[in-house]
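There are structures below to look over.
What follows is chain A paired twice: with chain B in the first complex and chain C in the second.
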Partner chain A sequence: MNDTAKKPAGKKRKFVTPKTAPYFFIAPAVLLFIVFTIYPVVSSLILSFQTSTAGVTSFAGLDNYRRLFADDLFYQALFNTFTILIVQVPIMLTIAVVLAVLMNSALLKMRSFFRIAFFMPAITALVAYAIVFMIMLDENYGFVNYALSWIGIEPIAWLNHPFWAKVSLIIAITWRWTGYNMVILLAGLQNISQDLYEAASIDGAGKVRQFFSITLPQLKPILLFTAVLSTIGTLQLFDEPFILTNGGPNNSTLTISLYLYLNGFRYFDFNYASAIAYVLVVIIALLSFIQMKVLGDDDDK
Partner chain B sequence: MKIWKLTLASVASIGLLAACGGNDEGNNGGNNAGADANANANANAETEANDEGNNEAGNDSEGNNGEAADVSGEITVWGWNVAAASMEEAVEGFQEQYPDVDIVVEDIGREDLYDRLTVGFAAGGSGLPDITMIETDRLDNYFGEFPDGFVNLSEHGYDDHESKFPEAKAAAMKNADGDFLAAPWDIGPAGVFYNVPLFEEAGVNADDIETWDDFVEAGTTILDETGSQMVPIDISNDDALFRMMMNQLGTYYFDEDGNIDIHSDEAVQAMSVIQDLHAAGLVANTDGWDGTVTATVNNTVATVPFGVWYAGTITDQAPEQEGEWDVFKLPAFEEGGNRDANLGGSDLSVLSHTEHPEAAYAFVEYFTTETEPQMNALSEYGLFPSLVETYDDPYFEEEQEFFNNSPIWSLFADVAEGTLPANYTSDYARAFRYASDAQANVLLSETPPAEALEEAAGRIANETGRDQN
Partner chain C sequence: MMTNKNKGTVILRKVGLYTALIIGVLLSMFPFYWMFIGATNPSGEIFSIPPNLLPGDHLVENFRNLNDNVNIIRVMINSIVIALTFTFFSVMIASAAGYAFAKYSFKGRDAIFFTLLLAIMIPYHVTLIPLFQLMADLGWLNTYRAVLLPNLAYPFAIFLMRQNMRSIPTSLLEAARVDGAGEFKIFFRVVLPTMKPALAAVAIFLFMFQWNNFLWPLVVLGDSDMYTLPVALSSLVGMSRIDYGQIMMGTTLSTLPIMIFFLLLQRQFISGILGGSVKE
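Now for the complex of A and B:
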């Protein structure tokens, strides 16, 4: 008590000082992060170790995980997801790089128009886009088959054939995300110093040589970034198979996230769904780690 | 730094997933029109007025006006589409008996309603209405997972009404202990809608089609003569025809004890007929609900075997085809065999966290057991009642101009009364999906029906721990 009395008035304890102020500024974000991210993350981890029958929840140890590793549908989902990943991501990134280089070219007129046009799919309402694809890809009345009939190609069961359904998904995802990646790559391109290109021209390097010897190496960190993002995105692929194919036919487009959703929201097995979520997280973490190792991450030491 | 990036990426991805996997936040990914469009035909939705007027349901309440005075409160009801509208219209009649009860009907999209319901139950009842509509084949799913979420209607005396409904329908409303957790509302007696001009052009007489063999034969003739196929099937997503056939044969995904029966001889027989249809080129593989409707109205198919609710869809989607449609009962598997089956239907449940169980029960009882609201739902919205006494209404005998001047409602009433019970069970959703997979497997990959259904049975057994027959 004495101490307080002795303290000069100016040194009264304040909550907001220059030292504490930053914490107050970040508090709302941190609180939201805790409530909407940390809490669900922890909670679903706990869920994945429980089981629930007739509304009674009990601890189940590793049962859900054991079941998962013996579940042939999970392996099928894994297989489908990776098939789409391995085919789609390289195609999309290649197109994105090519587009980005074209967009960056000084020769191009109406540049912002094209940029916006290519970016548009990424911000298009998912439902609208999926329904348009559904209508276009319809086997009997769709525009795509109609157009193919002009050049004498038989109708293709785009959404009803195990192989073509995957192709349809790949086309849809590529349409939606190429522009997005293009914009990121474009930003990377603009950071490459013109001096390098000038020097190369003086040394007599052609455009193609410049692309492979300057553009690509310089773009590597950005490419890595888009590759990791796309990989994570594709591993979590949900919307397109959910709306376009419902995972069919015969589970040929069942993805891990769709299987997770079915278990949680269709079969009410939230515990099993949580286990799937955690296995998916581990897969994503591993893959991202490998990508960073393989593609190198030199400028980050 | 690397580790940081990695952790960040992982955390971000968990966050996304957790929202789906956890039962806390109720983020449900993308439910939307797309899903609705894709929603299989169970919805008794989309039915539109078929108002030949005549609504003399009369029958003033057997009113328990004594109790009515004490019952009060504000009651929220969830439903979708025309079902919500028909409940809304019943409020006035209800309030004549229970003036102190306010009813608020909220029209929520079908898939959205289910997701909200699931999340609400998982969260211990927060945000749920007092009364909700649930489709019959989903009831057991909810009863099984959230047994405490429902008011036991038997305790309020609903058992007294049991005899007013077809046996199969009433049986589906009960939990394992035989208590009513839902009140029966509409029902989906099945029939084959057929395109009269196509039949005439091919010289096929619908009355001659008594068995599925006849049906395949008739289909082949129609295909040869007119180029139209026989039935639309959304091969990889909906096994509606398979379910109707199983119901005809007195089987379903599970037997009455809850054992897996999807690979029974009867089920294999049903799937084999579908295989025959497909092999003869009579199946139009349609994409989702919209695809089915399109195939129906543009002569791609000559028949559509479906529940009664499809009548509303046809009248709504092809008003210019008035008089060109008619209905016959599902063909039997052998001459003189059972031709009755059910597809779809819905019910009302009172949810247990309600503050006014008496008032909520009063509305459910009024709406499901009085003829007036039920007849209104039929004549205005095409929702076919399960309340048997309504079938005596002259409306059922009326000839329907749209349907070739046939009294189709009485045909469906007849089907409703003869339908065998089906045990949907709490694992219906899984079984439904694996049955559709099996169907795709049989039709698209040419797997023998028995093998595909065995595989489905094995998968269901694996995931649910149920015994296989």
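Now for the complex of A and C:
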């Protein structure tokens, strides 16, 4: 083995050298990426500027986008998605922060047991948990209404009432993702220096005061990370409304992704669906940008 | 030194702490319990007032009915084959690319890596329709490869592998080169073995992604013999007469393997699913 290295590289020219090797290593990833990501991203943009009638495709300019901005169902889908986003993400992150603070308490034993238990929902398949919630939330025979009847609450039409259907989605998503976010936040809490708290105690700051003046500011970058992640996830919400409510009743849980799917694969209007996809991209990009600006502001100072 | 008053508040705080957390755990775990119970009971027992909250004796029958309805054994084989194949190849592709980005300097490196990073931000809906058309044109609808190929070069996995590969000491690679090892040999014999923990975490992340993947398989798999678990389960919900025992059996079958896996490897699992966003 040592011999080949010492020989001058004259006899057998090697094809794979330290110079060429990286190209071999990235080749599979890059080829797949070009075919299955770059090509469709470009193709989708082109599709959104075309229409096809009876198999004949023609350039349509902004027609699809114009149609989209005059489409009541699209506005309904936007409204639903944003309602869920604005209500669900803050509730979930608040619970996650509180849980993380409790989990970080020095008084707590069996921390890893609790961590496993809270994280467990995050490993279930979206479809599987959506089905379980669908059955538990049934109006007449579901477990949730049965449990509520113990405390004298009348049966709620969880999945068949426009308002409660949204609430059902919010409950389901919160169940699935709170523990996941808690684990991220807990790791952030554990990185906050204990000295800060000791100094604050000496200054006479109570636990609540410490939470708002030390914990939250220190946690901000991680909180931002979880907020952006949850926002992107909620904007793409598909599996849960597809299974739990199928967009109903009366389109009250129709999300942008579900509307995209219906246009693409029920009505086979690929061009219109592509326009929806691009509007979704722009919304996600804008919102992520705004969140980073608003929440990440202090770092620039 | 603790005064009596202090001791009192500590006990009180402990009680409050444990009460809050235990309520949280019950809420978090109950749907799992309820699902397992449901898998052992006939449809009528699950869907009744008061509901049956104890294990029943319908486990085998629910499985048999489920198998008659959606050919669950075939569906599970589809899911396992697709998820394992996907995990193996995507881990190899991501670690090779990640290694090149971390440990070589070459022309175009930063531009290519930046483009990959950008792709993490793109919602997959944008690629959905052109990919479907591509698969249809190639005649690949209803095949494993249609499910597998589009996500095989998973940008986030490449990113994670690159971050991890940076910790490999360059002197180690140089020593192997002096010994005359070729570049591929170094990758397989030196790099991959030292990266085992990172490989495990990324593999879990990718396996979970594919096992749970729903929208894309739903779109490209039309033939019920090719269904993966999530697609088969969703088809059960659409049936006119829903048998809840069967459905709970199905959701259990899709959850239990991952759950066992999780309990065995929970550390790697959490860091895998969180995708390296958490340093422990």
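Assume the second predicted complex is superposed on the first by the 269 of 301 C-alpha atoms of A that agree within 3 Å, B and C clash if a C-alpha of one lies under 4 Å from a C-alpha of the other, contacts with A are read in each partner's own complex, and residues count from 1 in each chain.
What we mean here is this: contacts are C-beta pairs under 8 Å (C-beta built on N, C-alpha and C of every residue); 3 or more make two chains touch, one makes a residue touch a chain.
Small disclaimer: the values here were computed from a predicted structure and weren't measured.
Participant: With everything superposed onto chain A, say whether chain B and chain C fit together or clash.
Facilitator: clash
Participant: After lining up the shared chain so the two structures overlap, which partner does A:99 touch, if you call chain B first and chain C second: first, second, both or neither?
Facilitator: Once the two structures are laid over each other on A, A:99 reaches chain C alone.
Participant: Could you say whether A:108 touches chain B, chain C, both of them, or neither, answering first, second, both or neither?
Facilitator: After superposing on A, A:108 lies in contact with chain C but is clear of chain B.
Participant: Go through the superposed model and pick first if A:22 touches only chain B, second if only chain C, both, or neither.
Facilitator: After superposing on A, A:22 lies in contact with chain C but is clear of chain B.
Participant: With the two complexes superposed on chain A, say which partner A:32 touches: chain B (first), chain C (second), both, or neither.
Facilitator: After superposing on A, A:32 lies in contact with chain C but is clear of chain B.
Participant: Using the touch definition from the top, say if A:167 reaches chain B (first), chain C (second), both or neither.
Facilitator: A:167 sits against neither chain B nor chain C.
Participant: Touch test for A:148: chain B only (first), chain C only (second), both, or neither?
Facilitator: Touch partners of A:148: none, neither chain B nor chain C.
Participant: More residues of chain A in touch with chain C or with chain B?
Facilitator: Touching more of chain A: C.
Participant: Using the superposition on chain A described above, determine whether A:251 touches chain B (first), chain C (second), both, or neither.
Facilitator: first
Participant: Mind working out whether A:91 is in touch with chain B, chain C, both or neither, as first, second, both or neither?
Facilitator: A:91 contacts neither chain B nor chain C.
Participant: Mind working out whether A:292 is in touch with chain B, chain C, both or neither, as first, second, both or neither?
Facilitator: first
Participant: Counting clashing C-alpha atoms after the superposition, which of 130-138, 166-174, 184-192 or 202-210 on chain C is the one that bumps into chain B?
Facilitator: So the stretch of chain C that bumps into chain B is 130-138.
Participant: Need the overlap of the two footprints on chain A, from chain B and from chain C, as residue ranges.
Facilitator: Correct list for chain A: 36-37, 39-41, 43-44, 47, 126-127, 131, 134, 138, 140-141, 232, 235-236, 238-239, 242-243, 257, 260-261, 264-265, 270, 273-274, 277-278, 280-281, 284-285, 288.
Participant: Which positions of chain A touch chain C when the two form their complex?
Facilitator: Those residues of chain A that touch chain C are 1-5, 14, 16-19, 21-26, 28-30, 32-33, 36-37, 39-41, 43-44, 47, 99, 102-103, 105, 107-108, 112, 114-129, 131-136, 138, 140-141, 143, 146, 175, 179-180, 183-184, 187, 191, 225, 232, 235-236, 238-239, 242-243, 257, 260-261, 264-265, 270, 273-274, 277-278, 280-281, 284-285, 288.
Participant: Would you mind writing out the residues of chain A in touch with chain B in their complex?
Facilitator: Going by the criterion above, the answer is residues 36-37, 39-41, 43-44, 47-48, 52, 54-55, 67, 70-73, 126-127, 130-131, 134, 138-141, 157, 159-162, 228, 232, 235-236, 238-239, 242-243, 245-246, 248-251, 257, 260-262, 264-268, 270, 273-274, 276-278, 280-281, 284-285, 288-289, 292, 297, 300-301.
Participant: Spell out the residues on chain B that touch chain A in their complex, using ranges where they run on.
Facilitator: That would be residues 1-2, 5-6, 9-25, 28-30, 32-35, 37-38, 115, 118, 122, 141, 144-149, 235-237, 284-288, 291, 294-295, 300, 427, 429-430, 433, 436-437, 440-441, 444-445, 459, 462-463 of chain B.
Participant: Applying the document's contact rule, which stretches of chain C touch chain A when the two form their complex?
Facilitator: 10, 13-14, 17, 20-21, 24-25, 27-29, 31-32, 34-35, 38, 46-51, 93-94, 96-97, 99-101, 104, 106, 109, 112, 115-116, 119, 121-134, 149-153, 155, 158, 177-184, 187, 208, 211-212, 214-215, 219, 229-230, 233-234, 237, 244, 247-248, 250-251, 254-255, 258-259, 262-263, 266, 269-270, 273-274, 277-280
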